[in-house]
Amino acid sequence: MSKPLTYAMIGGGTGAFIGEVHRHAIALDSCATLVAGALSSTPDRSIQSARMLGLPEDRSYSTSQELFEREATREDRVDFVVIVTPNDSHFPIAKAALEHGFHVVLDKPATHTSAQAQELADLAVSNNLLCCITYNYTGYPMVRQARAMIAGGVLGTIRKVFLEYHQGWLASDLESTGQKQAAWRVDPDRAGIGGALGDIGTHAENLGAFVTGLEAESVYAVLHSFVPGRQLDDDASVLINYKGGAHGVLTVSQICIGQGNGLSLRVYGDKGSLIWNQECADELVVTLLDANPITYTRGGPGLDNDAIISTRIPQGHPEGYLEAFANVYRGVTDAIRSMHGAGEPSRLARLIPTIEDGRRGVRFVECSVESAAKGRVVCI
Amino acid sequence: MSKPLTYAMIGGGTGAFIGEVHRHAIALDSCATLVAGALSSTPDRSIQSARMLGLPEDRSYSTSQELFEREATREDRVDFVVIVTPNDSHFPIAKAALEHGFHVVLDKPATHTSAQAQELADLAVSNNLLCCITYNYTGYPMVRQARAMIAGGVLGTIRKVFLEYHQGWLASDLESTGQKQAAWRVDPDRAGIGGALGDIGTHAENLGAFVTGLEAESVYAVLHSFVPGRQLDDDASVLINYKGGAHGVLTVSQICIGQGNGLSLRVYGDKGSLIWNQECADELVVTLLDANPITYTRGGPGLDNDAIISTRIPQGHPEGYLEAFANVYRGVTDAIRSMHGAGEPSRLARLIPTIEDGRRGVRFVECSVESAAKGRVVCI
Amino acid sequence: MSKPLTYAMIGGGTGAFIGEVHRHAIALDSCATLVAGALSSTPDRSIQSARMLGLPEDRSYSTSQELFEREATREDRVDFVVIVTPNDSHFPIAKAALEHGFHVVLDKPATHTSAQAQELADLAVSNNLLCCITYNYTGYPMVRQARAMIAGGVLGTIRKVFLEYHQGWLASDLESTGQKQAAWRVDPDRAGIGGALGDIGTHAENLGAFVTGLEAESVYAVLHSFVPGRQLDDDASVLINYKGGAHGVLTVSQICIGQGNGLSLRVYGDKGSLIWNQECADELVVTLLDANPITYTRGGPGLDNDAIISTRIPQGHPEGYLEAFANVYRGVTDAIRSMHGAGEPSRLARLIPTIEDGRRGVRFVECSVESAAKGRVVCI
Amino acid sequence: MSKPLTYAMIGGGTGAFIGEVHRHAIALDSCATLVAGALSSTPDRSIQSARMLGLPEDRSYSTSQELFEREATREDRVDFVVIVTPNDSHFPIAKAALEHGFHVVLDKPATHTSAQAQELADLAVSNNLLCCITYNYTGYPMVRQARAMIAGGVLGTIRKVFLEYHQGWLASDLESTGQKQAAWRVDPDRAGIGGALGDIGTHAENLGAFVTGLEAESVYAVLHSFVPGRQLDDDASVLINYKGGAHGVLTVSQICIGQGNGLSLRVYGDKGSLIWNQECADELVVTLLDANPITYTRGGPGLDNDAIISTRIPQGHPEGYLEAFANVYRGVTDAIRSMHGAGEPSRLARLIPTIEDGRRGVRFVECSVESAAKGRVVCI
């Protein structure tokens, strides 16, 4: 194992959810060490959170701006920054990070507009920096297995794709209770134009694109805000026309009482099908025409190398969400090492989602919102 | 147990699928006896099939017309007729049956046009006859349980409905192999304007209506014929706007390799949700807001009377498709007895689907086909 | 379809459970017609029950003895008798039936002692009559598939067998509430020496023997009566040494709260394994060494002829307990026709469980009870 | 978050399986840092493995003896040692560690004999040191939920316990292929007197004891070595008499083709039951008498505090084996901090399995092996 890289975190202080997830995911494989942070939008809480995480005082910054400026001058400057703030600040912070020469790992959805995402993409290219979006569900071994099988032609020509991401936690007016995670997600200023669509729809869109390789041509969307008073969608149904003739049905909802994190994928080709469900992430059911379903399992027989390198422990010993997330980070740190001269990027590095995937996700939200508003099909 | 009624069957001779299903379903509870038939569209095969089923020679008819005319004059005329011919002949045969004074049980989809269905409905009313459509999935005890719970307000106001009916048996060009079941279903002359939509979409639509009581206001549909050369849809995605603001996503497909008879229903209200899957028909999962999922099972605790009276054997001893189908027939024969003076219709009788449900199903197909053709929302 | 046979039922009147199951199962395929009965142990209730079932008055008998005597003299005497009385009367009634020349279908457990079962077996042979035991779980298509695959060597040499039959309905003192089904099952005079062991353990034992073909050599059993005051076992754990070196673990219990009818079978050989669970009866999971699990389904691809002929409707349209039960009856009526000169017995006829299977089940109970009493291994 | 503790690892070098698991588990929550090691039984490979893990040269030891001696003299000596060598060296190494004043985390089974385990227990007490056994399955949130519910009386008096641990990876003669994990596990010199029994049976035994709190009084066991030439058991069936009258059936096997890591627990009391299955570790199904099953999920409603504090991420985002393992380590480091003066042990600290649990596991193996050899019940 090579020496761990170092990273700084922007956002993710006390009370945040996803920041802690990133820290666990990075720690799991000991591939990078947190050494600096600007952990909150308010300077005081930033410092306080840094103290709780045991960061050195001189690298506990009040703001991201301060972090970038000071870290940029250090000899032992961090190798990359992880941005886990609410959506509205993704763009300016990521832009500043790239401008200061830092590799960036950005939570989804990348930005508020696809133009912003494009700007980040261009900036990353011109500065020769990594800009990765943590579409963490691509890190699941059986998702990578699914992708490899489709790429290998096992399913033949893809005809139909069902993508679902159903949660129930916003079925009631949670935002009015002061629940912080709910509050910013339903606020257009912070979340952007998509509610459920931006929060989880982008994950579903990306999962479909990652696994099938299909490109959306146009969408027809219907959005609802079922909880009274809510401004953004908490439920979306999107019909997708893919280039080449395949069709997709993507439904996302956060009012599905009883659903925890119901992300699933079903792909039907002319030679076979596959079904994957995030809540049983270690399984992938594949059925060929006129044959019986075969259940592939993480760590089991017959897997593609992409699945094998994305697993740590044997069949039947469940790996979960954090392990999948960590697989993305293993790829990120591999990619950074490679960019720093450690040779060709590893296979793990080549599987990570980039700002281009992020841009496509934001574009998907934009087109869906437009379609829903106009009541017609909108081209991507 | 009262004396069994008698019935005649139109269609359902050798090589047919659904006719035999009806016969099993009727036999299971010994509620009616097959005593006459015009079992095929060709006179010779009608007679031959009647012989194989052990029908008396004098009630083995060459044509439905002959059957109606002769049976109408018999003192021991059949109590009802079961029509299980391909869709195109449903209307003229059912009409003739009603005109000759016979109660009718008609397979779905009721007719080719909703106007025809309306005509049958009117005729049934004016002749004081029963005209039932075998939407057999309404016969499942746990479907009836779902309906009762929603009617009882357990789920609160319904917001979202997911209806799926996914099969894989038409994923390849089965019709060209001479498979009889495939051949007529993909032929517009015999099947009507809907392919998968008419064949199984009507079941899904009816299941949704039966369980939720919601009324569709408009639909937006996209149809595909994925198998090259196929004229009718083998895949349909329909977004449904219900009166009152609920939204539905109904997807039907016959190209989903690996799916046997994947009919499922998920209903989300503001107080709770329920999930039912035909392939695990004895279970119903209900989750209330902020509570854990409870699995109701046929024969188990806490069931509504509608579920209890629709079951024969204890919990854990699976009942299936034929038992559900038979529950519809128990209702049919109860209804006929009641119309013949045996008192108020039983609860089972009041649960059966009628020609009005059939008409609504045909209308649903018409509007979906129109929406798909025009690329816009169509009012029901 | 040939002309239905006729049968008489002994026991199974009002309030009985299993008699109605037999009647449904026989009716489903219209293979026999109930025309006579002695439906209760008390003459009055026999007559009353016969009336409710619509039996002709002259064939509504007060006692089984009367039935046998009178039917034996009729020209149109019944083809077979179905005996569904409590266990204690199985032997004398079945013996009388065979002595009067009737084919017999007997519910399990066959008799109180294995010697009695042997006597019935001998009598059946010498009188050239059928004596079938309704081990109905052998009628499931996927059980027959399992049997065929093991017989075909798919699993290699069998090493380990897990048989479970767990129910929860006797977890409390139901017998004191007047529940009729509970009362006789826990009464040694009527049930015999085995409680759960006789009632459901014999089913599990037979399922194992039917599917694997293995012969038990010796058993070690531990019995419990967990509900205070209960005389017979309501929980049994039996370790089975099979001839040839395989080992079995059979557990039956009626105090497993939450279990409906949890009968399952897992067989492990040196080349593969199979798992079947009665509550998902249409599925069979088969895994070969170093390969992924394959799910076979009733009506699906790759099935043995024994499974194919035991199914009525397509994949995904669930068949259940009554259909499996009916498969045994299709075999019974085929067997009787064959014995009456209709040619070689059909494959269905050759799959039915006989009094020899019944005898083995009773012997299994006897040995298990002895083992539990003595605290040591007992040879079968 | 407090400053991480430091630890040394004994065993767990290149090619080992469980050492890496421990390292991942410790890293996940950043609760301790690996700073020293004697990673292999051969000095050269120890040093090489240490280099691969990035350990400082002066703390990369050739042998455990060297590690204990040198670390004991350092001011910054490690806080605890993790022992993940093959079973045969557990006792001498753990003894030496305790004698040198180090807290010990020991993989299961604790030792070869229960007397050795007792000696370690005594030593730990007299030296005021922690000696924890990584019965990692006790770390699953829903296992802790199960324990809390039973302790809270939800299930009433426990009657029956089913414990299964079925794997398939040793179904063939893997040890002859040079597979290192297989080789030592089937070698009595290294593994001890139990094969599957020691390797996974101890996990199952401990899971049962942890969750139910029941104490075994006596056992009856049957062992098999199904793979030709194998000396130790690869399949064991153990009937357990618990104090107070409950009964247990524990089956472990490593020849169950198709089973990955099939550890499951079913507990039946007189008021209710619960079922947990390691491969769906986030779920716990609880059924009360005369009620329907309720599915509790990690992160979901209605959980005990023990489950809540053992979880990191929301419902529906799967946590797995490593997270459960990490929960044990969170408890270990909490316990050590507490022993070092950080106040009362946390709840997590009080949930960790100790050498006394380890001793009981070894005793269970000893009694089972004796029972199998003598063919009779053996008192614990």
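The first chain written gets the first letter, and so on, giving A, B, C and D; residue counts start at 1 in each chain.
Simple rule for what comes next: a residue touches a chain if its C-beta (ideal position, glycine included) is under 8 Å from a C-beta of that chain, and two chains touch if they have at least 3 such contacts.
Nothing here was measured: the structure is a model prediction, and the numbers come from that model.
Q: Trace the shortest sequence of touching chains from subunit B to subunit C and report its length in steps.
A: The distance in steps between these two chains is 1.
Q: Tell me the fewest steps from subunit B to subunit D, where a step is a jump to a chain it touches.
A: 1
Q: Of all chains present, which has the mean Cα position farthest from that of subunit D?
A: Farthest chain from subunit D, going by C-alpha centroids: B.
Q: Measuring centre to centre with CA averages, how many angstrom lie between subunit A and subunit D?
A: Inter-chain centre distance comes to 34 Å.
Q: Using mean C-alpha positions as chain centres, tell me how far subunit A is from subunit C in Å, no decimals.
A: 55
Q: List the centre-to-centre spacing of subunit A and subunit B in whole Å, with centres computed as mean CA coordinates.
A: Between these chains, centre-to-centre, one finds 43 Å.
Q: Counting only residues that touch at least 2 other chains, which ones in subunit B make the list?
A: As it turns out, subunit B has residues touching two or more other chains at 259, 293, 297, 300.
Q: Which positions of subunit D touch subunit C when the two form their complex?
A: Residue list for subunit D touching subunit C: 159-160, 162, 168, 171-172, 220, 222, 224, 226, 235, 237, 239, 247, 249, 251, 253, 255-259, 266, 268-273, 275, 285, 287-289, 293, 375-377.
Q: In the complex, go through subunit D and note every residue touching subunit B.
A: 290-297, 300-302
Q: Taking the complex as given, what residues does subunit C use to touch subunit B?
A: 1-3, 17, 20-21, 23-24, 27-30, 52-54, 167, 169, 259-262, 278-282, 297, 299-300, 312-323
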